[in-house]
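First subunit A sits with subunit B, and in the next complex the same chain sits with subunit C.
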Partner chain A sequence: MRDQRLWTWHVLAGLVILVLLGLHMGIMHLDTLLGWFNPPDMKPVAWGAVLQRARMGFFTVSYIVLLGAALFHGLYGLRNILFELAPGRGVKSALNVFLAAGGVGLFVFGAWAAWAAGVLARTL
Partner chain B sequence: MLDNKGHPNRLGIWGWLGGGRWGFERYLYTLHRLTGLGLLCYFLLHIFVTSARAYGQDAWAASMGRVTGGLFTAGEFLVFAAFAFHAANGVRLALIELGIAIGKPIEPVYPYRTSVHEQRRLAIGVMVVAGLVLAAGGYNFFVHLTH
Partner chain C sequence: MTAPANVTFRIRRYDPASGQPPAWEDFTMPYSDGMTVLDGLRVLKETRLPTLAWRSSCRMGVCGSCGMFINGRPRLACNTQITELGTSLVTVAPLPNFDIIRDLVPDLRPMFDAHAALMPHIIRDDAEEQREPTGEYFQTPHELEQFLQFTYCIKCGCCMSACPTVATDPAYSGPMPLAQSHRYNADSRDGGFVARKRALATERGPWKCHYAGECSQACPKGVDPARAIQLMKRELVLDYFKLYRQPCPSKVVATPTEVKRRPDVPEAPAATI
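And now, the complex of A and B:
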C-alpha cells in the first residue's frame, strides 16, 4: 500500500516536472527560438537574465516546486532500481534513510538558494 | 514498487542490456533508466552550481566559469537529449499506466495480436516528438556556438 502511494506520487511528480522542467528547458535551451523570459541579446545564463527571472516570484516558487518534485522523482526512481537488485532488509533500510535524508538536505539547500537569490535580486 | 515474492532478480542490471523477445519497448525501458540516472547525476550537481546565484554576481561568474568549454557544452547537449527522451517516454509510460493507447481486449485468433502492437504506434509517436524537441535544441546549441 505504501509503495503504491509512493508510486502514484512518483507519476504525479513526473507530471509536475514535465511542465516546469519543460518551461525551464524552453527558457534555457530554446532561447533563440522562443525567447521566453530573457532580455533581448542576452544569454539565459547571463547575470542580467538571471536577475530578471529571480525578481519574479513565479520563478522562485516554480524553482522550489521543481526542486522538490525532481528530487522525489529522481531519488525514488533510484531507490526502485536499487531495490530491484534484491538487497537485504538492512541495506534497504539504510538506503531509505540515506536517500530520504539526502533528498531533504538537498531540498533545504536548493530552496534556500532560490529564495536568497530572489531576495538579492530585489535589493539590486 | 512491489516486493518480489521470493523470486531473486537473477539478471540484475545485465538484464537491462538485452531486449530479448520484448523488442523495441524493452530498449526504451533501458534507455529510460539510463537517461534517468544521467539526469539525476546532473541535477544533483546542478543544485550546487546554480546555488552560486544566491551569493552575487562574482560567485555566479566564477561558478559559470567552471562549467564552460567544449566538453561542458557537449555534456549539456547530452543532458538536453536525455531530457527530451525521458520526458517523451515518460508521457508514454504514464498514458499506458492509465490504460490509454493499449487497445481493447480481443479474441485470441491467429495471427495473434497483443497489446504491444497497439502500444507500438504510441512509442513511435513519442519518439518522433522527442526527435523534434532534440532537433530544436540542437539548432539552439548550434546558434550559440556560432555566435
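And now, the complex of A and C:
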C-alpha cells in the first residue's frame, strides 16, 4: 500500500507546486496588472518589495509549503528513477532511508530559513 | 508500396545449445501476392531453414502467438503484409524485453506470472452461483463499454516489448497485466477491487508508467493499455481518500418464465459445458 500512498501524495504535491508557482509567476511578472502584494511604484524584485513580502505571514507559510511539496515531489521522482535501475532490496531500503532523511533535513533547514527571514524582516 | 519481386528476410537466429550469441542471417526469396511475414517464415522453414523456431497458430491475428519484432516494431507476423512494411528487407527478431528461448521464441512466462498475480478473473461472493449458474448477471450496454475494448487483448506481448519501463524495471507488471486487471475492476459483474488492490498498491502496480503510450501504439488489436493504466491510477488515488467505491456486483437476472417463444425463433442449442 506504500506505493499507493506515495503516488497520491506525489500528485497532491504536484498540484500544490502548480498553484504556488503560479502565484509566484503572478507576483513576479504580472504585478503591474494585479497589484496584489507589492508596494505601488516598486518593482517586485526591489529590496523594499522583497522586505514587505517577507513581513507577511502568508508568504512565510507559502514558502514552507512550497518547499515541502517541491522536496517531496522531486525526491519521490528521483527515487522512482533510481529504483528503475533495479537495485537489490538492501540498496532500495538504504535509498529510502537516505532520501527520507535528506528530505526531512533539507525541509527543516529551509523552513527555519524562511521563518528566520520573516522574523528578521520585521525587525528592519 | 508496389509488390517487390524478391524479399530479403533478415532473421535473428539463436540456439542456446550452441553457446553462440544471437546473430543475423539473410535469406532472399521470391515474393508472392498477399504474402505475410509469417508466410515468408513458413516458406523458409519448408525450403531452407528446417531448424528455424517460432510460435504461431491461428494465422488470423486471434491467438496472439506470433508476436515478433518486425522492422523495428512489435507486430503479429500473421497480420503483417510484406507490402505494408514499405521495403523489400524484412528484419525479424524475437520480442524485446523477454529472454529468448530459441530463434524467434521469447520466454513469456514473466508476463503471464504478472498477469496471474493481478487476478484477471471475476471475483464475487456467490461462488455457488458461479459454479451452477441459475441465470445471467445483469449488465447494461453502458457498463459493457467501460471495459469492452480491454477484452480484445490477445496476450501477444507486443505491448510489453514496446514498454520502456518493462525494459528497465523487472518489478513493474507491464501494460498487459495491468490493463487486464483494470478490465475486471471495471466490469460491473466483478467485486474484486479490494482483493486486486493488495497487488496493485505495491511497486508491481501502475505507478511507474512513463506515459510513453508505446503500448497502445504497438497493440495489434487496437486496445489502449495506456488508458487502462491511467484509469487504474485514478481509481487507486480516489481509493486512498476513500472516495472510490466499486459498485456492488450486478445481480443475477431471473430467467423469464411467463414469456412464450415466438414460433419463428428457434430454441437455443444445448449447453456444451
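The definition used in the following text is that the second predicted complex is superposed on the first by the 112 of 124 C-alpha atoms of A that agree within 3 Å, B and C clash if a C-alpha of one lies under 4 Å from a C-alpha of the other, contacts with A are read in each partner's own complex, and residues count from 1 in each chain.
The rule is short, and it goes like this: a contact is a pair of C-beta atoms (placed from the backbone, for glycine too) under 8 Å apart; a residue touches a chain by one contact, two chains touch by 3 or more.
What you see is a predicted model; the values in this text were computed from it and never measured.
Visitor: Is A:V11 touching the first partner subunit B, the second partner subunit C, both, or neither of them?
Guide: The answer is both, since A:V11 touches subunit B and subunit C.
Visitor: Quick one: classify A:D31 as touching subunit B (first), subunit C (second), both or neither.
Guide: In the superposed model, A:D31 contacts subunit B only, not subunit C.
Visitor: Which partner, once the models are overlaid, touches more of subunit A's residues, subunit C or subunit B?
Guide: Counted on subunit A, the partner with more touching residues turns out to be B.
Visitor: So, A:R122: does it touch subunit B (first), subunit C (second), both, or neither?
Guide: A:R122: touches no partner chain.
Visitor: Based on the superposed arrangement, let me know which partner A:L106 touches: subunit B (first), subunit C (second), both, or neither?
Guide: first
Visitor: In the overlay, answer first, second, both or neither for which of subunit B and subunit C A:L85 touches.
Guide: both
Visitor: Tell me the contact category for A:M1 with respect to subunit B and subunit C: first, second, both or neither.
Guide: second
Visitor: Where on subunit A do the contacts from subunit B and from subunit C line up?
Guide: In subunit A, residues 3, 7, 11, 80, 83-86 are touched by subunit B and also by subunit C.
Visitor: For the complex, give me every residue of subunit A touching subunit B.
Guide: Interface residues on subunit A, with respect to subunit B: 3, 7, 11, 14-15, 17-18, 21-22, 25, 29-33, 43, 45, 47, 50, 54, 67, 70-71, 74-75, 77-81, 83-86, 106, 109-110, 112-114, 116-117, 120.
Visitor: Enumerate the contact residues on subunit B facing subunit A in the complex.
Guide: 1-4, 8-9, 12-13, 33, 36-37, 39-40, 43-44, 47, 50-51, 53-54, 56-57, 60-61, 64, 76, 80, 83, 87, 90-91, 94, 97, 136-137, 139-141, 143-144
Visitor: Please output the residues of subunit A touching subunit C within their complex, sorted ascending.
Guide: 1-8, 11, 80, 83-86
Visitor: Applying the document's contact rule, which stretches of subunit C touch subunit A when the two form their complex?
Guide: Where subunit C meets subunit A, its residues are 165, 168-171, 197, 200-203, 205, 207-208, 233, 236-237, 239-241.
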